[in-house]
Amino acid sequence: MTDELIARAAARLTWIRSRMALLADVRERFAESQPFAGHRIGMSLHLEPKTAVLLETLAVGGAEIVATGNHGSTQDDIVAFLRDQGMTIFGARDDTLEQHHANVASVVAAEPDILLDNGADLVAGIVAAGRGAQIVGGTEETTSGGYRLRDELADQVPYPVIVINDSPLKAIGENKHAVGQSVVESFMRITNLMVPGRRFVVAGYGWCGRGVAHYLRALGGKVAIVEVDEIKAFEAALDGYRVANVLDLADWGEVFITATGHPQILGAEFFDRVADGAMLVNCGHFPWEIDVPALRALATGSTEIDTAIERIDLPGERHVTLIADGRMMNLAGREPKGNSIESMDLGFLLQVLSLEQVATATDTLVAGAQPVPDSINREIARRMLATMKADR
Amino acid sequence: MTDELIARAAARLTWIRSRMALLADVRERFAESQPFAGHRIGMSLHLEPKTAVLLETLAVGGAEIVATGNHGSTQDDIVAFLRDQGMTIFGARDDTLEQHHANVASVVAAEPDILLDNGADLVAGIVAAGRGAQIVGGTEETTSGGYRLRDELADQVPYPVIVINDSPLKAIGENKHAVGQSVVESFMRITNLMVPGRRFVVAGYGWCGRGVAHYLRALGGKVAIVEVDEIKAFEAALDGYRVANVLDLADWGEVFITATGHPQILGAEFFDRVADGAMLVNCGHFPWEIDVPALRALATGSTEIDTAIERIDLPGERHVTLIADGRMMNLAGREPKGNSIESMDLGFLLQVLSLEQVATATDTLVAGAQPVPDSINREIARRMLATMKADR
Amino acid sequence: MTDELIARAAARLTWIRSRMALLADVRERFAESQPFAGHRIGMSLHLEPKTAVLLETLAVGGAEIVATGNHGSTQDDIVAFLRDQGMTIFGARDDTLEQHHANVASVVAAEPDILLDNGADLVAGIVAAGRGAQIVGGTEETTSGGYRLRDELADQVPYPVIVINDSPLKAIGENKHAVGQSVVESFMRITNLMVPGRRFVVAGYGWCGRGVAHYLRALGGKVAIVEVDEIKAFEAALDGYRVANVLDLADWGEVFITATGHPQILGAEFFDRVADGAMLVNCGHFPWEIDVPALRALATGSTEIDTAIERIDLPGERHVTLIADGRMMNLAGREPKGNSIESMDLGFLLQVLSLEQVATATDTLVAGAQPVPDSINREIARRMLATMKADR
Amino acid sequence: MTDELIARAAARLTWIRSRMALLADVRERFAESQPFAGHRIGMSLHLEPKTAVLLETLAVGGAEIVATGNHGSTQDDIVAFLRDQGMTIFGARDDTLEQHHANVASVVAAEPDILLDNGADLVAGIVAAGRGAQIVGGTEETTSGGYRLRDELADQVPYPVIVINDSPLKAIGENKHAVGQSVVESFMRITNLMVPGRRFVVAGYGWCGRGVAHYLRALGGKVAIVEVDEIKAFEAALDGYRVANVLDLADWGEVFITATGHPQILGAEFFDRVADGAMLVNCGHFPWEIDVPALRALATGSTEIDTAIERIDLPGERHVTLIADGRMMNLAGREPKGNSIESMDLGFLLQVLSLEQVATATDTLVAGAQPVPDSINREIARRMLATMKADR
């Protein structure tokens, strides 16, 4: 059984690994330079095929790996595969939240000296355990983890933490282009509906919203933008979009997509007005942008009509179609792919080079949360241009 | 077991049927007018979920249905479902070619008086059986079936056959937009690769090639066109594309997509020159545009590295990536969706209204192959505009 | 005075001639082959700088040139320049319509044996004069001239006339791309207004309308289409445009552009409904698409507020802005440029090669109106691809 | 003579004033609130038709106006018109540089208490004259003036100066969209060349370069980007552009456009390699991006072949075409229009509301250079959205 899981993971990794050229280059260098020799990296991250290539790369660089998955996204074949590579991995697909907390605690208890964190959970555990002094430094993947480090954990972190998501490469390469592409791909894959001529309302004109709107319009969709920030709304208007209030668009839109980072963008008042047959999609990180509890409270009935597609009947002989229960559409459906392999390769190189600087040049960094060093951003931008052969 | 198949098909049909608004309108009218009352329609077509909605619609109009699937594409749950609706269906997923021919013969033997044909197989059977005089008329889905009717079967068909694929609505609605959308969706779904900045070579600038090139460029791809017809090449150049010989692009392209309708577009000379790592994709109807036998003859090795993704090693330490063994990419992969539901709804309405004219106004038609009557094209264009609410 | 005019024309021609690469190539060949030696070509065409390069090219090929301008568009410096080159030119900028008819008669009276016609005026003159037997053949620039040749003049023309405007190269290279570009350039040049986010209504989705709509949307405009032909309206909808009735858009549009070929597209009912401040623009050939007389009849006042910009006050404290009095916008303003040099070079090469075939291979042609021979279309497409270096 | 000038300016202003809706709204409010009553505003700015509407607006708000034009751009009819309105205006079109300095000195000597400055010339004069204590505050239009205020003039300016050009509304509304539109319009207007399929190289991917590249590609141009900053180059590559070194593109490009803000982007080494016939265009503020002196030193000959179009012959039987002598293309040609009226309306509203805050709420500001207050940016963004009716 375990052998089967390992074999399945190995097969899934073949294509992905062959297309992560940035990490492949670094692995070659790391095999020589061994930047993580003698270090134990504690990690909290999604355990899926692409991250497996990240872990391999760190291991090639001499790191001992101790990792836990996030709650709900752990893939068992990947866990089996990584364990087979000699890594210490906690977590399984069906873990309860309690079990997940125990996994995080296990990583802390394994006494890592470098951390790759996700939402600052490991840092919080280290602080609580009074083990800060043992830590050389680390990275934090998310913006919200960055806020936590600068707020509730400020002054309690005596070592450097590089916040990956603040890099301009992530805003452009991942939030705008990779999420944009991924959302239009998911929409077509899950619904099998035509894009040209369809009326989309995109709520939020941050990096993700810009990307989603851009790619939908590029494919021939009619796109209107909802944005409360005047400066971003102005940008959307000059980019040629209709910009209006979500309630005023409730009768116009066929597909409503939320990408704001804020809760209850589509709420009770909207559900009152939305036209019969509208489709509700979220692609923000948290499943709160569509107020699903309020929607269900209003509902007179509900039917799962295809994978990730639910019909919800509303009073007044109307219905809406809810995609993926309000969770991120681009991770839903039978065969979700998520962001493109190259965009993950890019994001992981940010992790890897930041961790290398933590391990080998700690003195160039300051204590606490900080952005990715400019030299690393520029180094990666150059590598990406070369890998893409952008000059052709 | 059969009940399970029926239930599965019924579930799969829910979403699709709810989004085929053009057929839904017609069903309502047909329930009254019964245009096919007393007629037995013999059919040869793909038996998959979307076509099931077409068959339902004809049945509501009073038709008795006798149908066979195409060889290799029949879905057993759909067959079970349709039989459960009282239709006579021949064919199963694993039929041999011999069995398939027997199925076609069975449809002919069932003595239909109207035909919905695909490649003129039924017509040929009827002619061979000397049953032409019993036929009121019919439709032919494909352009190549139309050629056959105007060539080898000319003067042997004493009844009208409306050739669906010649309609301008198909060129625009299906070949350009639906195939274009479907190909970019499939590329992203199967490969999980980034489109922006990637170098694509599209061979063929007919309706499909125009659509594929347009959608790839819209998503940020760099697109070059290969086209031997000077007028189409001129159009591509003014549309802003690089237009060159495929051999001159062999070193530039990352992904080569064929959409020409002609064989061996990518052949031995190309394989000699193509750069290491190139991806080869076909989206033409027949699996001959990439000369796969020639490629395999050259190959020094081959590995299936993911669903529909095969690595083929070539002499000189090069390799190429072959998608779906050179068959249509947009029907490949784990969860292929094919053309959008609305574009199929459109194509089926062409079938349904053409068959209605055959059944109820035969005298407006002439014997032999002919285009869809202009009045039907215009009627459907109007309905599609209304269904899309294009005025919003 | 004449010397000054000649010098001015010569200066204006420098840049244009240097960018007409297709004609330059042909001039080189004609200098050798002298296809028009012994022929007198009678012409009716716009006499402006670009056509001067056409006339030079025919003269280099050995032709004797006898030409008249169109009424109202003749440029005196160009006339002086061409006369100085030894050509017989009739017409002046301020000619009356009567004088213009006399000019046409003068060309007929000069006994040409080949005709380059525009609207079939020369042909009509030749037929009236009973001189048809003297004519080897000719070309007709316009579609409407082609209709005339096939209708009122049918069976009266014993020699071949190649109708230039029916070539697919004109539809794509001139009507779609050159007019499209020229209209957006003119709009920006004359009004100095912002395009992104502006609401445009384009009436007509033929080749010109497609081009105008495409370029306006490309620059960030919001574009709605008005089109009575259902098939074209369907195409516009799938191209992602809003498609609606002009009266329903009267309150939405900021700029209304007509490109239909039909009269009174914007008429009394529209003027009743149009929102205050709307701008009315025509880019169709005839100045009848905006019903200017009806507009002036309604007007309560009128002010010329800038070159080619007129404010027309309407009852109900509304006003509209009329551009160029309803004549083609892309020929209006202080410094109109018209279609791009390359698109004219292309159109003129169609003329030149068609006339060469008339002069040297009459037997390959039939009597009466006919399309540009396929071989010429293909030859020119190839040359244009080479000149553009489309393969780079 | 003066009356004629005044009348001419008045006519030119009609259209422009009618399309500056943002300033029109403010004028109405100012007529009541008189924010500048008792203030004398000293100004240094371009004196052309659009700025006249700005000055009118300030005058309506109660300001006494004392202004000088910039050197070389002053339009005499506008000067006459403004004087006729009772303003004190220094400067004429043909002023020497010495005379221009005297004009600046005259504004300083007129003892203004508020300054609208351009390049910090007035501020420097005030500092030199020891009159800083008399000044309530002011605005500075340019980024380079902002640098000067923060550098050589730091600590010498005891009053607030709001730097207009740092506003995000300028970056988006003017640098990206208005300059982008204006450059493509100028290219078409001056050269009359076709854009689709043409090969453009844009040097610089800042806000202006992004806009220029975007609009050229939107019109069908093939666009390559030159950018030394890796992060911006990365953005260009993901936006789908070819990104390469200018020397490597010297043989590929047909039109080279500089928008970098830096000198000698196209210099001797480039001129050595550039392909025959290339066109050189600058749209950066200073005429130094193309090294024109180096180009002329290399030249074997030179001919003015049309307005703003010069042919420069180079050794090796090559030539290049230089537009506008390397000065900003969008201000060149016979009838330059510059940025769109709406974008100037937007920029002037930034000036006007900033000056209002200086005059009426000085205590909300700090001494020295500072960005436009966030509240003003947001207020203007809201007004622009309303004026555009962006919600339609």
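All chains are identified by letter, namely A, B, C and D, in their written order; residue positions are counted from 1 within each chain.
In the analysis below, a contact is a pair of C-beta atoms (placed from the backbone, for glycine too) under 8 Å apart; a residue touches a chain by one contact, two chains touch by 3 or more.
Since we're looking at a predicted model, the values are computed, not measured.
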What's the chain with its C-alpha centre farthest out from chain A? C
Interchain centroid distance [CA atoms averaged], chain B/chain C, Å: 41
CA centre of chain A versus CA centre of chain B: separation in Å? 37
The distance between the C-alpha centres of chain A and chain C, rounded to whole Å, is 55
Touching two or more other chains - residues of chain C: 177, 196-197, 220, 237-238, 241-242, 388, 390, 392
Chains as vertices, touching pairs as edges: which of line, ring, star, complete or other describes this one? complete
The answer for chain C against chain B in the complex is residues 168-169, 172-173, 176-177, 230-231, 233-238, 241-245, 248, 377-378, 381-382, 384-385, 388, 390-392
What residues on chain C touch chain D, complex-wise? 11-12, 14-16, 18-19, 177-178, 181-182, 184-185, 188-189, 191-199, 215, 218-220, 252, 303, 305-306, 309, 311, 333-335, 337-338, 340-343, 388-390, 392
Which part of chain B faces chain D closely enough to touch in the complex? 196-197, 217, 220-222, 237-242
